[in-house]
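What follows is a group of structures, each given as structure tokens.
Both complexes shown next keep subunit A, but they swap its partner, so subunit B is in the first and subunit C is in the second.
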Partner chain A sequence: MSNPLRIAVAEEKGNVPVTILHISGDLDSKTYTDLESKAGELIGQGANNVLLDLGGITFMGSAGLRAIHGIFKKLSAGGAGGKLKLANPSDAVARIMKTLGFDVIFEIHATVDEALGSF
Partner chain B sequence: MSQGAESARRLEIRARLDDLGRVRDFINEHVSPESLGDDGAGELLLAVDEAVSNVIMHGGSRADGRIEVQVARSPDATCVTIRDEARPFDPTATGEPDLGVSPLEREEAGGFGLALIRRLVDELRYRVTEDGGNELLLVKKRR
Partner chain C sequence: MLAKAAIAPLGWSASDRLPLLPSHLNMVNRCEGLELLPARSSSRGLSTDEASEILKRSDFFAASGGPAINQLASLAELVNLPSGDRLFDKGDIGTAMYFVVHGEMRLHNGEVVIGRLGPGSVFGEVAALSQERRSASVTAVSDTLLLKLEQDAIYSTIAAQPAAARSLIEALCAREREIIDEKFDRIIEARVLERELEIGQSIQKNFLPETIPVIDGWTLDGLLRPARKVAGDFFDFFFVPDVGRVGIVIGDVCDKGVGAALFMSLFRSLIRSGALHRYAAGGTVGVEDPATLLRRTMRATNQYVTSTHPGSSIFATVFFGLLDPRTGELVYINAGHEAPVIGGPSGVRAQLSATGPVIGLIEDLEHAVAEATLAPGELLFGYTDGATDARNEDGRQFGEERLLEEVCRGAADASSLLLCLLAALDAFSGRVEQYDDITMICLHRHPDRDQT
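Right, the complex of A and B next:
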């Protein structure tokens, strides 16, 4: 069953403030722009350390990587040393990232807590 | 369709992104993890999603154009045929992107769909149909 994309935003104050996007549902060619837009909005409001929690994603195609790449570019363009990290990918999501070479580009953590501790 | 097919199922959708979820539901329903394994079934699902997305986003189809997806299973393989009315485009004839280059060094991270499809299926065949449309056959062999 296909699932609508949902994005829940949370803020964590650890070593540095981190904006977490908990993503659930299908991240496909129809919905990837929703993720990119939401992250862009948060970055525009000053989010500089961004963590994508991929744990709830039920389907992700190459469009999902396009969105993640877009978010990375927005953070890089800000000139404030913005960081993007990913956490909690399913086996299927981890596999597509590896297949397309994204696993060596992005910092991917097994859990959200581990990722938070790394900022 | 391949000889010896045990069963064939067919779905027709409009060429619009709103219908992508229906394609995935259809594939999930008719592609058996028992024959392909969980990984194999998931790879075929992803390949079909990429192929149909390409047709909708880059094929220049009218929004009311139609895309037909057919699944046929044989003892040895599962075959998915995608037919559309978009302008002729042979995805098997495109160059292979250099995946050794960091995706972040590219201006655009798009264009991965076809590379993914090639890696996810065992066989990819294309032909122009009698009425000038496209037909793409994806074959995933039983493991």
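Right, the complex of A and C next:
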């Protein structure tokens, strides 16, 4: 019933270098630390502009939002003006983000390309 | 994975010595029931007297008597295991027990270390004496010398020497006793932990309103059923004399269990304290209107959690409203909570959607205040996602639509409506265990007398 979380990392060189995490599967209380530690690792290696592609997420629990916020905190703590943007949420994920007011806290774009262009 | 080890029989005269590694002649792939190797060249090893001494000192054969010990010593083999080599894996079929002569072994299950086996330790007796598989893996931590007794050697000895059988049975009983004692200790520990959680549960109940305000023309009630012993959900009802209104709160901390419960107590207390003791929460002297009170309380609560617990990424969704029971006017802030609804027999009339984000994550939040009114005969219903996300045996969710349909079907008062809803949820879930905390609140305004 549950889908394993998968994270594929890609680098884009646009206006600025952007690290994209393509996330798929269930982002819940069992898997959110995987996302946090993967992103933490990349930030530790110097990733400063991070884009989360939410397109493949099949379930988003509140723990997933904790993870996203955790990444946001890590980037802010770096002091290098790190940016986190989100893109490509499904209708269900967009609805959760809106209900919780995360659309106010985070910059969410409809597509990955649109998000890349905004960095 | 399997270790390489030198194995040799101990059936030699007292002056003979068995070699330890390294001996290129004696390297073999170790497996159970191995062919024995002749090996008498080295000066380092173990005499039968020394082997007898080791067997005599072990609980298993201590009371066996000289002849049995000598027989076992003559049948025993030596196993030399270099550091890092695995003796056997959990689940292997084994027919031998081992005595550690020197060195150290690690008893483990995958990466989890269960114990250490040093000189004098005896292990592997269960698999050796029965048809059971190995219950754990054993790996050498340092270069280790073991004395190995095969099942056949043990059974042939105890068949001939009743004292050895008795010694073995007594030792097995002693081990059994140890295991039982440990099991009892664990049960007691688990009970203590259980009791601690029950204390937590009863303390947490004090964080829910003990009495619900009684208001002429209205019925109010709330219920909370945790998924575990303690919950991350909360609700609250209280009079706020300063503004002559009733405070209505429902919230959900983003997790389950003990961690969420601790934060639930914090959020709930900060909101109640902010609403009732404004001077302690940055309020100004003088008259405060309800909207200002709401904004100040939510700002202070958010500020406290984000500045005091910045690394936790724990947040709460909170709906906080102030109701004027005379007019039915409600001012509220909805911080990312599932929209409570106002409705009646004709369906849902209004959804009180979020007026700002969740609290506890981002500093310096300012939530918008919104207004609504409950007409006579209408009700306000608030819930946490544990209610809508409840699943049945087919994995389907109860869902918002079904929940609100049940709400609008109505009931005589708030309490009986909540009980009806809980019954409907339980009927839907069947035997599926509750996954998330379920919390629901209801305020019902009586129909005007002149209308009825």
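One rule holds for everything that comes next: the second predicted complex is superposed on the first by the 119 of 119 C-alpha atoms of A that agree within 3 Å, B and C clash if a C-alpha of one lies under 4 Å from a C-alpha of the other, contacts with A are read in each partner's own complex, and residues count from 1 in each chain.
Quick note on the criterion: a residue touches a chain if its C-beta (ideal position, glycine included) is under 8 Å from a C-beta of that chain, and two chains touch if they have at least 3 such contacts.
Given the structure is predicted, the values throughout are model-derived calculations rather than measurements.
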item	value
Subunit C versus subunit B on the shared subunit A, clash or fit after superposition	clash
First, second, both or neither for A:Asp26, with subunit B first and subunit C second	first
Subunit B or subunit C, by number of subunit A residues touched	B
First, second, both or neither for A:Lys83, with subunit B first and subunit C second	neither
Subunit B versus subunit C as contact partner of A:Ala63, first or second or both or neither	both
Subunit B versus subunit C as contact partner of A:Lys38, first or second or both or neither	neither
Partner chain in contact with A:Ser2 - subunit B first, subunit C second, else both or neither	first
Partner chain(s) touched by A:Phe102 [first = subunit B, second = subunit C, both, neither]	both
Intersection of the subunit A residues that touch subunit B with those that touch subunit C	1, 29, 62-63, 65-66, 69-70, 99-102, 105
Partner subunit C, residues of subunit A touching it in the complex	1, 29, 62-63, 65-67, 69-70, 73, 98-102, 104-105
Touch list for subunit A against partner subunit B, complex	1-2, 26, 28-30, 59, 61-63, 65-66, 69-70, 72, 92, 95-96, 99-102, 105
Touching residues on subunit C, where the partner in the complex is subunit A	252, 254-256, 310-311, 313-315, 317, 335-339, 353-354, 356-358, 361-362, 395
Complex contacts: residues of subunit B adjacent to subunit A	17-18, 20-22, 24-25, 28, 39, 42, 45-46, 49-50, 53, 56-57, 99-100, 102-104, 109-110, 112-113, 115-116, 119-120
